[in-house]
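Look for chain A in each of the two complexes below; its partner is chain B in the first and chain C in the second.
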Partner chain A sequence: MKQSMTTLLFGATLVGFTTLAVADQGTTEQTDDPAARGLSIMQERKARDTGWQSSEASLEMLLTNAQGQTSSRQLRMKNLEVAGDGDKSLSIFDTPLDVKGTAFLSFSHVNTADDQWLYLPALKRVKRISSRNKSGPFMGSEFAYEDLSSFEVPKYQYRYLGEEEIAGQATWKIENIPNDEYSGYSKLVSWIDQQEYRVLKTQYYDRKSALLKTLQFSDYQAHPVDTPNGERKSFWRANQLSIENHQTGKATQLIFKEYRFNTGLSEADFNKSKLKRAR
Partner chain B sequence: MQNFNSAAPSRWQYWVVERPIISLLITMLIVFSFGFGTSKLFFDGDYRVFFGDDNPQLLAFEQMQNVYSKSDSVSFIIAPKSGKVFTRETLNQVHEMTEAAWQTPYSTRVDSITNYQHTQAEADDLLVEDLLLEPETLDPAKIEQIRQIALTEPNLVNKLIGSAGDVTIINVTVQLPEIDPLTEGPAVAHFAKELQAQFHQRYPDTEIRLSGLVMLNDAFATYAQNDSSTLVPAMFLLILIMLAILLRSVLGTLASLAVIITTIAATLGVSGWLGIALTTPTVNVPTIVMTLAVADCVHIISSLLLAMRNGQTKQQAIYTSLAQNVKPVFITSATTAIGFLSLNFSDSPPLRDLGNLVAVGMLFAFLFSVTLLPALLSLMPIKVAAKTKPSNAMTRFANWVIAKQKPVLVCGLLIVAGLASQVPNNQVNDDSLKYFSTDTTFRQDSDYMAQHISGMTSLEFSLESGQSNGINHPEFLADLAAFTTWLRQQPETDHVSSLSDTVARLNKNMHGDDPAQYRLPTQQELAAQYLLMYEMSLPYGLDLNNQINIDKSATRVVATFKNLGSNEILALEQRANDWFATQAPHIKVSISSTSSMFAHVGERNMSSMLMGTAFALVLISALLGFALRSWRLGFISLLPNILPGLAGFGLWSLVSGEINLALSIVSSLTLGIVVDDTVHFLSKYQHARKQGQSSEQAVIYAFNNVGRALLITTLVICVGFAVLTQSNFALNADMGLLTAIVVFIALVIDLLILPAFLLVFDRTPATAKPSTEPSTQLNINAATQA
Partner chain C sequence: MKAPLLISLAVAGQVTSSYAMDIQGSIGIEQRSFISNAQFPEQGNHQTSLTIEPELYWSWNDQQDAFIFTPYARLDSLDNERSHWDIQQAKWVHLQDSWEFELGIGIVYWGVTESQYLVDIINQTDQVETVNGDRKLGQPMAHLSLIRDWGVIDAFILPGFRERTFAGKKGRLRTPWVVDTDAARYQSSAKQKHVDWALRWSHSFDQWDIGVAGFKGTDRTPILQPSANATLQPYYQQMWQLSTDVQATFNEWLWKLEALHKEEQEQSYRALVAGFEYTLVGLAQTRYDLGLLLEYNWDQRGLDAPTPYQNDLFIGSRLAFNDEDGSSLLIGLARDLEQMSYSGRLQGSTRFGQHWRLNIDAWLFHSNVDTDPLYALRKDDHISVQLAYYF
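Here is the complex of A and B:
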């Protein structure tokens, strides 16, 4: 007990010093410590993206290898917002033709591994997919599952790194350290625009702390939605996500088309026993 | 060469000798301005230095690496002393090391038996999981299960686990950014060695060895630096000793040393200024240049000493020596340079660099021996003891050759012909592994790996179906499986990694692990969806991109073989191409790998170096004809110039019989050196004949005048190249040995067959009037005797 008191005191002193140091530098008017500041920005980001209920979109996935060859896949994605946990998503593959009708259902979770199922039309069966692959690639792309799963505040520890301008927009630069030991990353750095709290860019650092990938969001579009509490709110979605792997020279682009919100999807549409009829 | 001997010193020579201090300063200025370039020198250990940027195999290989993923790797070979990998302790070690290996700089993937993605059916689901996920759960039953799976899995046996279960490998794939090639590879190698040391300490009961391309590059760089720090000083020492014995003059030795050092500094400086990296072949430029520069100094100093013994003052003796030697030294330097310049015909850039740098070195050696050397000599208080008694051993030897001219010629030619007939027994064979001597750790580790798991020779086959997602087509998969089976049946094959195994295994898993279902699906959709499912189950770094291109139109089969030489590799490639031509003509196959690159460059280099040798021969013979002012003698000189190479390569077939990249250049580089002996002998012979002497008298004259000098310079050159045989690179050692052999044979031919040939065939009566004063000429020419 005595020891923990000392630790507490020591910790408090340390925080005091850090605060002092920040104040001395006089770089910002904020006196919060970087962790709290980062957290509050990300909480606001999540708050602004809450209430959209469900969405649907079709998208093209364009893969490029180091040789410059490209390959395209078409799919449709349905998302359901889940309060208090990760969202549910259903992806239906349209091309390549030999995987047409394959449907991928994912329940992402904040603290535990995601649940994932794949429906294989040629086999007419639903198969559960092992859950330790969250750092693995999605459909052979440069996106890992964890890059595409829904953003939840408790997934990371944050640290505010400063302000930067990206393409003329003022942003906050924030470091995100994954809480999940199975994450493929040692850290992420995101640039959040100060106006709308949208992510403009994210850099991923691998487990040996080397820069692995850069993801850029562009062509943001606002989608007005009537939220459950009766207010009309705009939700921002980037129509283009470009991710580049700096280590392998490969890249993937996601191009979204026909974003639709509140399309009447419900829990029942995200049921593994209904995957066969997904279309 | 009497044409040159009679020349008076030129004005510049007087100037150099009369103003030694200024000459020295100017020389120093030149040396420093060139020599400053040495600060820009760097070692490049990357194996790719052996290939030009436009090398077709390199381009094909890089393209394949871009389409799939890079195969640069470092392998940890783990050998428990118990001979059993499947124990709790070793599996724990492999698991821990696998985790730790992810920290390797630039690593993109780590493969081991513990993180192998084992697939199995579990109820109605597909379970894809590390073969050993949680080491805490290891019990005898689990260990036995892992052993069963690992030793029956075609993806693992002879790839990551020895078939006897005694040795296992952790393979780390790295993707070097190639922004700063001089630090990236070494950083990986350094990390690997640290990890090796760290785990060796923690698990003293296992041996850990290193292999892989990264270590190959590291070995190139490390051993090249070792060579330059051991062989070059050894060479200096040997040369000092030889000079001291030959010249019997401390100051003369020091002056020669000054020439050698300035020559090397300036030559390496040029290399630095031009941005030519030090590579395995060029690291020996100093040794070679030193060897050849010594000859120039020996000629000039020994002439000087002889003149002084004959009563000239030092200053007079310097002029005499310069007058006698400037042009012969220039001619021999020029022919040697031409021999080395013909290396430009080589297909391998570092061999071209070697040729050019030695040629530049010859130029500097000539320049400094006629400027710096006389300037130094004029400053030094050189004294000469009383005239020594000339040996008459050469006269006796000459008389013996004259007495036995026909047997000598016949026997000599028969022996040479016998040796030359062995030349076709040599085989062009480039095995990059054999570039390293068996004394090196790298070679030992690689040999160990070859013995226990698989060789380092590998070939990568890209099979193009010609359409998007074509790899899922049942016919394509059937052809792929047939090729995989065929490749496994080849006697050289250690391991084949093929997508057809994965698909068959997935088919089994999807049918409740029924062994009867280990076969390829008959519908494209099934294959596509199995693979999609598998692909979506893989963890970080372990995707299918290393086997399938993004369009899923092509797949890569990677095979490793017992360590093969280039001709075996080329034959294997040919067989594979033939298989596709007859069995699966609609599949477009391309083959590439580092092994293949070395095989092709070795093959092509051989033919281009034959061109180079021919070119050097024509140019050098023309130069000789011009220098001797006799096309007839120029033509006769072809005999002693060509025979040593033929006999040397014939002898080589009995020593080793394998011609690698470095040996293919020996024929042209020795040409430039052996020609020197011929020049000296023929010019003296010709001089005596023009004085009206008979061929017998002319032969005696030539022996007396240059016999000893030829012996000495040949000795120096043989010793110099023999030093190279101590190199860590079998590549350089073999080149040194063969060059020494050829140069030695050349001496024997020049002292036996050439005089016998002249005695038998040059019977035309003397044209000029008998000389009234042969003795004065003799004195001057005897100066070349050391």
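Here is the complex of A and C:
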């Protein structure tokens, strides 16, 4: 009951801002408009995941090829929430050992291309890399750079597709069409659980509209954090992300080990000049 | 009491994903074989090398302080001058949010281009290591960084000069007369004890990464002067230079510029390298990224310049396989636009399992002008295969 109220409220607020679009549709009942309904659910998803400030985690990345052989790598991720723009993230590789100390810094943006730098310890060199690669694989995995970039509402156009149950949980099924012409996808379909607004599953469709990948989130855990406005709020993070490429048969799992929030990270920790210090 | 304290420090280190102490590094074996027979009777056609580079890292004060120690050694079967060791890093680092300080021996890299390292000046090139000069010798320094909203200021005081390494009598990739590194001479009476300094401002905003730097001190590139006993003596003069390095990143386009103005003892000159790298992401519906590189190299000294890059066009292609083994391949050709002279390179790399990396480098050189620096290398086309174990 509470959720649908929230949805209604958000739907109503939204109409205020997008009167033109709604007027074109000629609808009087806002929540019947699949675009507005999809948008309001995603706005609530973002609202619920706002206020965590910073987080750190170590994780294992398991790559499985079409023959079922696996290889593993260890990395650590630091994230900084940026109000009004995409988040900043720093990934540090511990294995494979030949790339130990390699650090990847990314400033994701809502409307413009992300800024990305790579530190190569062998040459002591920081390289600004092309942001055009967002559709490309992240460190040889089945995750594209854009899959790991922070979720921001204006990155997509939404359409509410209906309700579905996933593993006994009621979800909303929502279509996301990327606004960025450089996205590797024609669309994403995500399943958002109605209880906590967590993504349980996302399907990625390639630019020819064929199903490319399925990402499943599991082992969700709530992390209580004191937000800047004094409220104590729980943030949900999946400890396991499994992505399968239907076209190649390859798969990648991300297994998060220790999520910690509000660890005192600041803008200074995400300065390009700090990359060479990443340990 | 000490042992439990150390253990608890180590445990605390694990918990916070930081390490109180950490050892990593690599051991490698390299085979370098030359395609043509040697030009000079003492030289060989094959050389095998063993290399080792461990890195020790201690941190304390919640990683605000650290000591890093990285020795390096190479043992070469052919060339005594290529068998050498160096302290790449031995420095104390103190980190704060808005400033950093390091004291000791370290390596600092400046620059953005691929075909040559024009503005990179802090460290001496360890020339016996690689053909393109990307291996450096550790430089003693006191280095302060101030990190501000308007950019980063790096100030360096550099006491102690490192002399460039040159291939020995038996080694390949050398001048007809061997460079006698024991006979180095200096303009400054302080010789190797001359204290150099450098100052750099760098900043990233929007699509731009910009650096402007000044350096005053002993030139890293010596003048090679013929001596009476048929050797070349390195002469290190005093100089100052102003340089800039700029990269603009517009989606698939990386635009790059390095330029400098240098005042030497007898002359002053300008030089630049400018170009782009254009990346075709997901080439033909694959995972591959193909980068196309074009860089123009210019030096005001023209054909008198001791560098082959006085009026040269570099074209290259970088293939990133984006596979789990991090495989990549770079092919490049630098062609002189004034005289018949070029060099070509192929650099490939891939990983095996968790510990091994294979690097293959091949170079070819052509020149039919005996005043061209590449002329001495015209018989030194080679392929080098390196297998390294990382720990």
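FYI, the second predicted complex is superposed on the first by the 248 of 279 C-alpha atoms of A that agree within 3 Å, B and C clash if a C-alpha of one lies under 4 Å from a C-alpha of the other, contacts with A are read in each partner's own complex, and residues count from 1 in each chain.
By our rule, a residue touches a chain if its C-beta (ideal position, glycine included) is under 8 Å from a C-beta of that chain, and two chains touch if they have at least 3 such contacts.
None of these values were measured; they are calculated from a predicted model.
Q: Is A:104 touching anything from chain B or chain C once the two structures are fitted on A? First, second, both or neither.
A: It touches chain B, and chain C stays clear.
Q: Contacts for A:243 in the overlay, against chain B (first) and chain C (second): which applies, first, second, both or neither?
A: Neither partner.
Q: For A:118, select first, second, both or neither according to whether it touches chain B, chain C, the two together, or no partner.
A: The answer is first: A:118 touches chain B but not chain C.
Q: Just to be sure I read the superposition right, which of the two partners does A:140 touch: chain B = first, chain C = second, or both, or neither?
A: both
Q: Going by the contact rule set out at the top, does A:188 touch chain B (first), chain C (second), both, or neither?
A: neither
Q: Return first, second, both or neither, reflecting whether A:59 touches chain B, chain C, both chains, or no partner chain.
A: Neither partner.
Q: Which partner chains sit in contact with A:67 here, chain B, chain C, both or neither? Use first/second/both/neither.
A: So A:67 only meets chain B here.
Q: Touch test for A:272: chain B only (first), chain C only (second), both, or neither?
A: A:272 sits against chain C, while chain B stays out of touch.
Q: Is A:200 touching the first partner chain B, the second partner chain C, both, or neither of them?
A: neither
Q: Just which bits of chain A does chain B share with chain C as contact spots?
A: Correct list for chain A: 63, 65, 71, 96-99, 123, 125, 127-130, 132-133, 135-137, 139-140, 184.
Q: How about chain A: which of its residues touch chain C in the complex?
A: Against chain C, the touching part of chain A is residues 56, 58, 63, 65, 71-72, 76, 95-101, 113, 115, 117, 123-133, 135-137, 139-141, 182, 184, 258, 266, 268-269, 271-274, 277, 279.
Q: Help me check something: in the complex, which residues belonging to chain A touch chain B?
A: It is residues 63-71, 93, 96-99, 102, 104, 116, 118, 120-123, 125, 127-130, 132-133, 135-140, 144, 184, 207-208, 210, 246-250 of chain A that touch chain B.
Q: Of all residues in chain C, which touch chain A in the complex?
A: For chain C paired with chain A, touching residues are 17-19, 22, 24, 26, 57, 59, 63, 66, 93, 95, 97-98, 100, 107-109, 111-112, 134, 145, 147, 152, 202, 204, 207, 209, 247, 249, 251-254, 277, 279, 281-282, 287, 289, 322-326, 351, 353-357, 388, 390-391.
Q: Show which residues of chain B lie in contact with chain A when the two form their complex.
A: These residues of chain B touch chain A: 63, 65-67, 69-70, 102-108, 124-129, 175, 177, 468-469, 472, 510, 523-530, 532-533, 535-545, 548-552.
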